[in-house]
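For reference, the structure discussed in these notes is given below.
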Amino acid sequence: MKARKSHFFKLQDSLFKYFLIACSLIVVGLFVAIFLMLFETSLPSIYQNGWSFLTGLVWDPNNNIFGALPAIAGTLISAAVATLVAIPLSIGIAIFFTEYAPARSKLVLSLFIDLLAAIPSVIYGIWGLWIIAPLIKTNVEQPIIGAIGFIPLFSGPAYGLSIFLAIVILTIMVIPIITAITIELLSKTPVPLKEGMISLGATKSETIRHLGLPFARLGIVAAVILGLGRALGETMAVTMVIGNSYYWPFSGYSIFAPATTITSKIAGAVGEAGGLEFSALLEMALILMVISLAVNFISRSLIKRTSKRGFG
Amino acid sequence: MTTDLEYLNRINAMIAQMQEINETLGAIVQDALKNKKQGLRSTAYEFSKSIQLKEDDVMEMCVGSIIRYQPFASDLRAVTVAMKLSYDLSRVCRYLYNVIETLDEFEVKSCDVKEVSALLDDAREMVRQSLKAYFERDAKKAAEIIKSDDSIDQRYRMILSMHRTKPTSKTECILFNGLTARIIERLADHACYISSEVIYLVTGRRTDYR
Amino acid sequence: MQTKLDVQDLNAWFYQKQALKNVNVKIPEKMVTAVIGPSGCGKSTFIRCINRMHELVPGAKVSGKVLLDGADIYGTMDPMDVRRKVGMVFQKPNPFPNMSVADNVVAGLKLLGTYKKQELSELSDANLKSVGLWEEVKDDLKKSGASLSGGQQQRLCIARALAMNPEVILMDEPSSALDPASTAKIEELVKKLKNETTVIIITHNVQQAARISDMTAFFYLGELIEFDQTANIFESPKNQLTERYITGRFG
Amino acid sequence: MHLLSRKRKETFVKILCFLVTAAVIIPLLWIIGDVIYNGLAAWNISFLVSPVIQGGIGNAILGTFIINGMACLFGIPLGVLTGMYLSEYGQEGWFASMVRTTVESLSGIPSLILGLFAYATIIIALSQSATDRHYTAIASALALGLMMIPLVGKATEESMRVISNDIREAAIALGVPKWIRTTRIVLAIAKGGVLTGSLLAFARISGETAPLLFTALFSNFWPTGINQPMASLQVLIYNYALSGYPNLVTQAWGAALFLALIVVAINIIVRVYTKPKYKEGF
C-alpha cells in the first residue's frame, strides 16, 4: 500500500516538473515568436529597401520609399540626452535620500519616487501636451530664441511640441529608475568602511565621493543603461509631445523643432498602414527591439557583476 | 601525550606539597625511632593537622575544577585520582603520627627496632616512588610498586611472629614492634593504592587492588 | 541490545572530496546515540546519509549499505519512504511559517493526505503533549508556528517529526541555537524519547553528549574513530584522537 | 580656514542635493495636482457610469478592467509557473538559463512591440482584408499578459528563492514529495510576494496604452463580448487629449484622474503591506 503510494507520488512529481517545463517553454516560444514575427514581416521591406532603409530620410508610402534615419536619430538623440540629463539629478536625489533626508521623510520620499515611475506614460503625455507645452513655448522657447536664436541649435520658430519637450518628459520618466537603483546601491555601502571614514573625520559629502560613489559606480552605469532602455522604448508620452515631424534633425538643428521617434512613428502610422509600409514599420520595430535587447542585456550583466562582486 | 592544564598543575603542586610534609615528618619519625626519642607527639600532630588542611584544599580545588571545566577522559581521571591521592597522603601522614604516638606509649629504650626501622624506610621509599610514578605517569613503575608490597607483608608477618621466634624479648618490645609494623604495613598499603590510581590514570583501566 | 541501524562500509562524497570513509557502525535500538567530532568531520553527512538527505546536495555520492531493521535503505526502498521512517530535527528550528501551531505538528501527514481532519487534530494534540508543549501553546494553536519562541519552535519541530511515528529520529545539533533553559527542556525530551524510538543526535557540546546519550560515536576527518558506551568514551577513551577532542586539546 | 571651507562644501552639497530632489518632486506634485484639478472638473456620477456615447467613461473603465483581467488570466499563471520553475527546478543547466534570459529579455521589450506582435498575429490573422480589420480586446490582453509574465515571474522567483532552505529541508525530511512541497509550502509562504508582484504588474499594465492602440482600438458602447473592439481609459485619454476639443480634453483629464487613482492606490496598498523598500544606511 505504502509502496504504491510512493510510486504514485513519484509520478506526480515528474508530471509536475514537466508541466512547469512546458509553461516555461511557452514563454520561451512566445519570445521567439515575437522575434520571428517581426523578422518575417519585415522581410519584404528588408529586401526592397536594403541598406537605404537605415540611411534614407524620406518616408513616402505613396511612392514606396522608406528611410528610417530621422526616426532612428530622433529615438537615439532624445533617449540619450534625456538619460544624460537624468544622471546628475538622479544621483543628487539618491545622495539626498541616503545621507541627508530625515528618517521620517524617507518613507514619503521613496513613495514619491515609486509614484514617479508608476504614473502611466499617457498621463505624462496629456500633462506635457496641455500644461507644459504652452508654458514652455512662451516662457522658455520664445525668450531663448529671442536671445540666442542665431545659433542653429536654438533657432525658431517656437512650436511648443518639440524634441526639447520630449526630452524634458523623458528625463522625468527616467529619473525614478536610475534613482531607485542608485539609492539601493548607496545604502549597500559597507557600513564598517563608512564608519571608518566618518571616524577619520570625513564629512558626509566626502564619504559619498570617496566611498559611496566609487563603490556604486558600476551599478549606477547599469542603472543608467536601464533608464536608457526605458527611454528608447517609451511610446505614448513621446508621441503626444514630440510633434511628429519626420525630417528633424535633417531639416534643421533646432531643439525647439518637432521631430519623431521610432515609437511615435509606429504608433501614428501602423493603424492605417498596409503592404510595404507595414513591413517597413515592423523593420523599424525590429531595429528598436534589437537596440532595446542589447541595452537590456548590457545593463543586466552589469547588475549581475555588481551583485557578485564581494566587498570586505 | 596531552599538555597539562593550569588547574591540573595547581592540584599537582598541592599534592607535591603534601608529599613534602610527609617526607619531613617521615624523617623526624625515622630519627625518633632510631634514637628512641619521645615527646614528639605534639610536633607530629601539627604536621598531621597541616596535611589535613592541604587535603581539604585539594578536595575543594578538584570539585571546583569539575564544576568549572567539566573535564573528560584523562583530565577527568586526573582530577578523581588527585582526590584519592590527597586522601592517601593524609592517611600516610596519619600513620606516621601513629608511629610517634606508639613510641610515646611504650618504654622502648632497650628494644631492638632495627627491623621496623628498615620496614619504615622501605615503606617511605614506596610512597616516594609511587608519587614519582604519579608525576611521571609511569604505569610500569606503579605496577612494580604494587608487586613489592608482597615483601612488605612478609616482613610484617615476620615481625608479628617475634613472640615465637624471639621469646626472650621483653613483652613491651614485642608489642611495640608488632604495633608499629602493623601501622607501617598499612602505610605501605596506601603507597599501593596510590600506585593503582596511577595505573588507572594512565591506562583508564581499574586494577582490582583496592 | 537490538541493532536498529546497521551501517556497513558507508562512503560519501561531495564532488571529489570524500566526506565519509568506510563507516561501519551498529546503532542500538531505543537508545540515544550521540555523534561528536570537530566541525567538518562528517557528522552531518553521516546522519544525512541515514535519511537519504545527503544525495540531494549537488555533487553528492554515496556508497555502502545502511540497514534499517535489516532492510537496505539504499536498496529498493523509496527515499520518501525512508524519510518518513527516519525523522529529522534540524539545527535551526524550522516550523512552516504559513501553518498554524497545530497544523505544523501534523504537517507531514496532512500534506501526504492520508488522515481525516478529526484524526489530525487528535494526533496534533497528542504530539504536542508528548513534547511538553501542550500547556504552553494550547491557547495559541491557531497562531503561526513562527510566532513561538526559539525553544518552543524546536520542540514543535520535534513534535512534527514524532507525528510521523518514525522508527529513528535524527537530530542535527537541535539545541545549538537555543538558550540554556530551552536546551535543558530539549535534553529532557530527548532522554524521554528513547522509550519510544531510536535517537541519533549530533552535538558539538561534549558535555551535552555526556548528559543525554547512551552511546557515543566520535568522527574525525570523515572516519568513525571510536564508538562505545558514553561512559567509556568520556572516562577512558581508547583512541588518542577521541581523548584529545573531548579534553578540548585539538588543533 | 581649511576646516571652514570643508564645512562650507558639505553645506553646499547638501543644499544642492535638496534642490535637485525638490526639482523632481515638484513636477510630480504638479502632475498630480493638475490631474486632480482638471480631472475633478469632469467628474460626476453619470460621467463615471455612463458610456462614451453618452459623454461618460463608464465603458472605458469597465474595458480597462476586462482587458487587464484577461491579461492577468494569461500572464499571472504563466509568470507564477515560470518563476516557480526557475526558483525550484531551474538552478542550473542550459534550459534554465535560457528561460531566465528569455524572461529578462521579455521585460526589456518595449510595450509597443508587444502590441505590434498581438496586432500581427491576432488582428491581421482574423481580419478579412486590410481595409476591414477585426479588432479585439483579446489581442490587447495577449500583449499586456506578455508584459506581466516577466514582472510576475521575477517576483515569484525572488520571493520563493529568499525562503530559507531550512524550510525545504524540513519538508524533505518529512518525506513530502517535491511538488507538494513546492506548491503547498514554498509557494504558500511566498504568496505575499507573488501577490505584491502581481498587483504591481496589474498597476503597470493599467497604464500601458501603446499595446491597446491598434488591438482593442476603441468603442463608444458598453462591451458586449471580449472578442470585440473595447474602450479603455488609456486609449480614451490618448484619443481625446489629441482631439483638441475642449470638452473632450476635459473628459480625458477625468479619465486620467481615474487611471491615476488605480495606479496610485495599488502602489500605496503594496507599500503599506510590505516592508520599507530601502534599508536604512546607518
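Letters are used for the chains, namely A, B, C and D, taken in the order the chains are written, and counting of residues starts over at 1 for each.
Note that in this section a residue touches a chain if its C-beta (ideal position, glycine included) is under 8 Å from a C-beta of that chain, and two chains touch if they have at least 3 such contacts.
Given the structure is predicted, the values throughout are model-derived calculations rather than measurements.
More inter-chain C-beta contacts link the pair A-D than the other of A-C and A-D.
Averaging Cα coordinates per chain and for the whole protein, the chain whose average falls nearest the overall one is C. Seen from the C-alpha centroid of subunit A, the farthest chain centroid is that of B.
A straight line joining the Cα centres of subunit A and subunit C is 54 Å long.
With centres defined as mean CA coordinates, subunit D is found 16 Å away from subunit A. As a whole-number value, the distance joining the C-alpha centres of subunit B and subunit D reads 93 Å.
Computed centre separation for the pair subunit A/subunit B is 96 angstrom, with centres defined by C-alpha atoms. In subunit C, the positions touching at least two other chains are 80-81, 112. Within subunit D, residues 177 each touch two or more of the remaining chains. For subunit A, residues that reach two or more other chains under the stated contact definition are 9-10. Pairs of chains that satisfy the touch definition comprise A-C, A-D, B-C, C-D. Of all the residues in subunit C, the ones that touch subunit D in their complex are 51, 53, 56, 58, 80-84, 87-88, 90, 92, 94-98, 107-108, 111-112, 157, 160-161, 164. Only residues 92, 164, 166-167, 169-177, 180-181, 184-185, 188-189, 191 of subunit D touch subunit C when the two sit together in their complex. Remark: subunit C residues 206-207, 210, 234-238, 240, 242-244, 246-247, 249 touch subunit B in the complex. The residues of subunit A lying in touch with subunit C in their complex are 2-3, 5-7, 9-10. Within the complex formed with subunit A, the residues of subunit C that make contact are 78, 80-81, 112, 114.
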